[in-house]
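Both of the next two complexes hold chain A, though its partner changes from chain B to chain C.
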Partner chain A sequence: MGILDLPRGGPSGYPGSRLIAEGVTVRFGGVSALSGVDLELGQSEIVGLIGPNGAGKTTLVNVLTGFQRPTQGKVELDGLDLRSDKPFQLAARGISRTFQAGRLFRRLTVRENLEVAGFHTGCTRRQARETADRLLEELDLTAFAGSTAGSLNYGHERRVGIGRALATKPKFVLMDEPASGMNDAECEELVACIAGIPAQFGCGVLLIEHNMKVILNACERIQVMDGGKRIAMGKPKAIITDARVRAAYFGTRHATAAGGNGIH
Partner chain B sequence: MGYFLQVVIDAVSLGSLFALVSLSIGLIFGIMRLINFAQGDFVTIGAYSLLAPAAGAAPVLFLGALPWPLMIVLVLAVVVVLALVTERVAFRPLRNAEPATLLVSSFAVSYFLQNLVIVLYTSRPKALSLGTEISTVVDIFGLRIASIQLLTIVVTITLLVAISAFLRFTPLGLQMRASAENFRMARLLGVRANRVIAGAFAIAGFLGGVVALLLTAQTGVIDVRAGATLAVFGFFATVIGGMGSLVGAALGGFLVGAVSAVLQTILPADVRPFRDAVVFAAVIVVLLVRPRGIIASKSKERV
Partner chain C sequence: MIAARNNFICHLKAATPVLLLIVPLVLAALLADQFGSIGVLRSVTEALIKIVVVVGLYIFIGNSGVISLGGTAFMAIAAYATTWQTCCSMMKPMVMSGLPEFLKHMTVPFAPAALIAVALAGLAAFISGLVLMRLSGLAAAIGTLALLFIVNVTYSNWDSVTMGASSVVGIPTYVTVWIALAAASGSIVVAYLFQISRAGLALRATREDEIAAQAVGISIFRTRLLAFTISGAVLGLAGVLYAHFLGVLAIDMFFMQLTFLSLSMLVVGGMGSLAGAVVGVVSLSLVIELFRTLERGIWLGETKASLPAGSQELVLAVIMLCILIWRREGIMGWKEITWPFTRHQPVSASGEKIEAAA
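Up next is the complex of A and B:
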């Protein structure tokens, strides 16, 4: 258990808000999708969430974003229970999310996609537009501001999805496989983009991702799940050498992919 | 030529009413996947609010007795409030229910309102003339056009422009468009479901009130079944236009109006009473050719 090296209060030295899941259990009928999972995310860090298919990663994100009520356990933001919040309240508290499929509003323009996400703060159209334009510039998407979201290519669509999540002015963004379907060059751009989020936007990132290159390059901590349980948590270097993780996750199939990558 | 233009005017003014109804239905369907058949009864209630409850055939004026600016404002207010109350009582508790459940609830509201009218006013149609100023005929380029037809067209076009500006430029309008594409995603981004849905019902109520006034002024008769018939035509217009496309809904309204007006002209006199059957047959043909409507909505089903 050497890599479960975090004190219960979470990693020290990270200022700002904390999003905490504690002992979260989710049962569908008789099947446990999650059993007693903990997760902790600070406002200025990037945490990776990995595990084989069916490990419960998406269910955990669903719990954290109010899609799924936990059977047991609690979800707290700075000590505030989030379990009975409505979706718009979660957005107002600063929790945002991106999806595997971009789920953009395809008939709206790129700029409008970001504007919509800003209104919960009670701002005017003009203010929403200013925020949107600033974000588009920072994400290098200004050229597409007036295009219909449905006309974008895959990589840009993903980036707009991230921009839209950031337009809610979140404290935490939870990203579900942002790199899936991307080529190496696009992945590198994505890593650069994600790595800049905590400093640029004051926003913590939880990253679910199968692409180990992206995970290892972007994350400061990695949580590994298998069979609905947390099996490891720690720094990238410790994670890829952990025997349990290798057995459960990397297996023989992923060993080469993980071993071949540089660790930062 | 003159005769042709006359048919065009008929088509557009009839289509205007259908367009306003189909737009209301399309707006609410887009956001919450509810086909609100009670939209027609919103129109009916708006029309009856001009009258005081009475059993006799002679109309006893209620809102209809007021000076026209006040009358218009109050009729619109009555229907907007009715639409908002309906949403709160009949649809909000079913927010997470299947679309079919919502549909059943809308039929229940529809029959409730119709029977409420029958209890208060009896089912006998009532004659009511709304102001003599608009029952005149104006002469434009040798065409004799009823001013109520002209008024209907102008009001409808103004409202269509106003609504598209609202949807395009205001925060609530933008949130409605986003919700119409993916309500769940919109909510995750901080869009408040109650506000967006109430906004859609308020607009539907407003349009219902306008249709009530225009229809009453056009026909001079208030009938408990008029609204429900309108809802059926409006629903067809929405379907033809492509469920989920507001432009399509409005175009569908004009198209159904045009088909009705043209059929009224070209059908042999013996067949004319069955005009609606021919219109509905045309709807079936359109749907066989383009099952997703004229402007097929590209957005995928909501998850």
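Up next is the complex of A and C:
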């Protein structure tokens, strides 16, 4: 069965859970990292999130996964308020993520990295191990199962990060720049892998990425952010011709420096 | 039949990292018991008790990566608890007049007394952990050190039950080399079972990356609290052994010196593996024993040569420095010992073979 059999289009009418952020504002002292951002993610779609450095993409993911309390605004999963949940509780509710900085458990083996992510579901070590092995096979990582995660190259590291997020049996996976540092061939593989996730694992994907090729090939809907605000939202074709988006990316205004001291 | 045998071999394989630690200890105990002088036998017994201490520390520190300086506090708590139950029935009502009535006039058999003392140490670890396990990094180290001070100050001033700063004497000394061996082996097995358990793996994940661990559904607080409690109970066992090995108890036995000696053993052996904990105790105990002998002096023909007193501490400090400078991961460097001793075939904490990435 191909992923093309699934219904496509706008967010409404999708089956499964919905993850919603409404009017989310995050202030760090005087800096507004996010000001009134909305986001909606269904369980069987892939939504792209793009924007220049410092636009607030990672901060939004941090809010959705409980690492950052919003100063204002709502975060809901099927109508359930998530704002007071801790990160590990949100993971148990099915919201999983990868990190811009990888953040693998470097001295554990690749298999253990995935295994440990399955424990919160209450399964035994053996069950978790079986799930991990199956996932590794699907992600074509079986050859590295026994390697320590810290010994992998960049491309494989990213893929293990995705595998680990999927090993939590999520409803939603939020991916923070999974293709950064990958070459073209690796990017293509990654797109194929990500595109298959909703059908294969039954979870929605939020994909943050600077590589437009990856975004355009994988996503059915794209949200553009700049300066902590949502500046556009729509289908890929509409987005690449949007004047505001072009201004944000190629305009005279210089993007804010990346960084800060948050979670990446 | 074949399946059963395969299963057995499988279990045996999984148990090798433990067996390869315990078997040499058994041999050492046997040799010391058969051929050693009383001095050697006592040294071996003490080293075995130290293994319980350092393995107890390892369960929390090694798996969580959080430095706790409060471990010896749980030893003190258990050592006093077993003493209250087993010691000197004649003197107790007078010198420890503050004890509750039932304790004052009752002598508990050794085994239940030890169990109760260990449970009390575990409980103390659990309760203090409710606060301390919310801390990380340097704050955790300072918080646990504060715990050590609190226990020390409390016990050294609680005259009516601890006899304050003076020693309690006449504690029954039932700890032989065999009891120490059984305790050391038991603590190694407990530590190993913990580290291959789900909770152990989850804790090692938090050690590698706290943020990512939370993102995959691990509660850092809960996993650390569990390990801290188990660690506290094992350290409690070590405290019980100390009390019944020396027959004397004073609160300052469980203070800075023991804290830093046991931590040095863990660091020298390697904080990242159970084998490191054991190897650290064995190697540093050997060095300490050697220099103690040299300090006492040896006869070279007619003349007696001896090192100045204090050279043992100096050598320990130098070893510590060398390890910290040149081999920060300790002698074992995060690896468990496996059979056969193929080089470059390290094994992860769960006994899984680690292959080099292609």
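Assume the second predicted complex is superposed on the first by the 239 of 264 C-alpha atoms of A that agree within 3 Å, B and C clash if a C-alpha of one lies under 4 Å from a C-alpha of the other, contacts with A are read in each partner's own complex, and residues count from 1 in each chain.
The rule we apply is simple: a residue touches a chain if its C-beta (ideal position, glycine included) is under 8 Å from a C-beta of that chain, and two chains touch if they have at least 3 such contacts.
What you see is a predicted model; the values in this text were computed from it and never measured.
With both complexes superposed, C is the one of chain B and chain C in contact with more chain A residues.
In the superposition on chain A, no contact is made by A:177 with either chain B or chain C. Contacts of A:91 after superposition on the shared chain: both chain B and chain C are touched.
Of the two partner chains, neither chain B nor chain C is touched by A:242. Look at A:109: by the touch rule set out above, it reaches chain C but stays clear of chain B.
Contacts of A:119 after superposition on the shared chain: both chain B and chain C are touched. Contacts of A:152 after superposition: chain C is touched, whereas chain B is not reached. When the two complexes are superposed on chain A, the residues of chain A that touch both chain B and chain C are 65, 86-88, 91-92, 96-97, 99, 103, 105-108, 112-113, 115-117, 119-121, 124-125, 128, 164-165, 167-168. For chain A in complex with chain B, the touching residues are 65, 86-88, 90-92, 96-97, 99, 103, 105-108, 112-113, 115-117, 119-121, 124-125, 128, 150, 164-165, 167-168. Of all residues in chain A, those touching chain C in their complex are 65, 67, 86-88, 91-92, 96-97, 99, 103-109, 111-113, 115-117, 119-121, 124-125, 128, 143-144, 146-148, 151-153, 156, 164-165, 167-168, 263.
The touching residues of chain C, when paired with chain A in their complex, are 196-198, 201-202, 204-205, 208-209, 211-220, 272, 334, 348, 350, 352-358. Across the complex, chain A is touched by residues 169-171, 174-175, 177-178, 181-182, 184-193, 298-299 of chain B.
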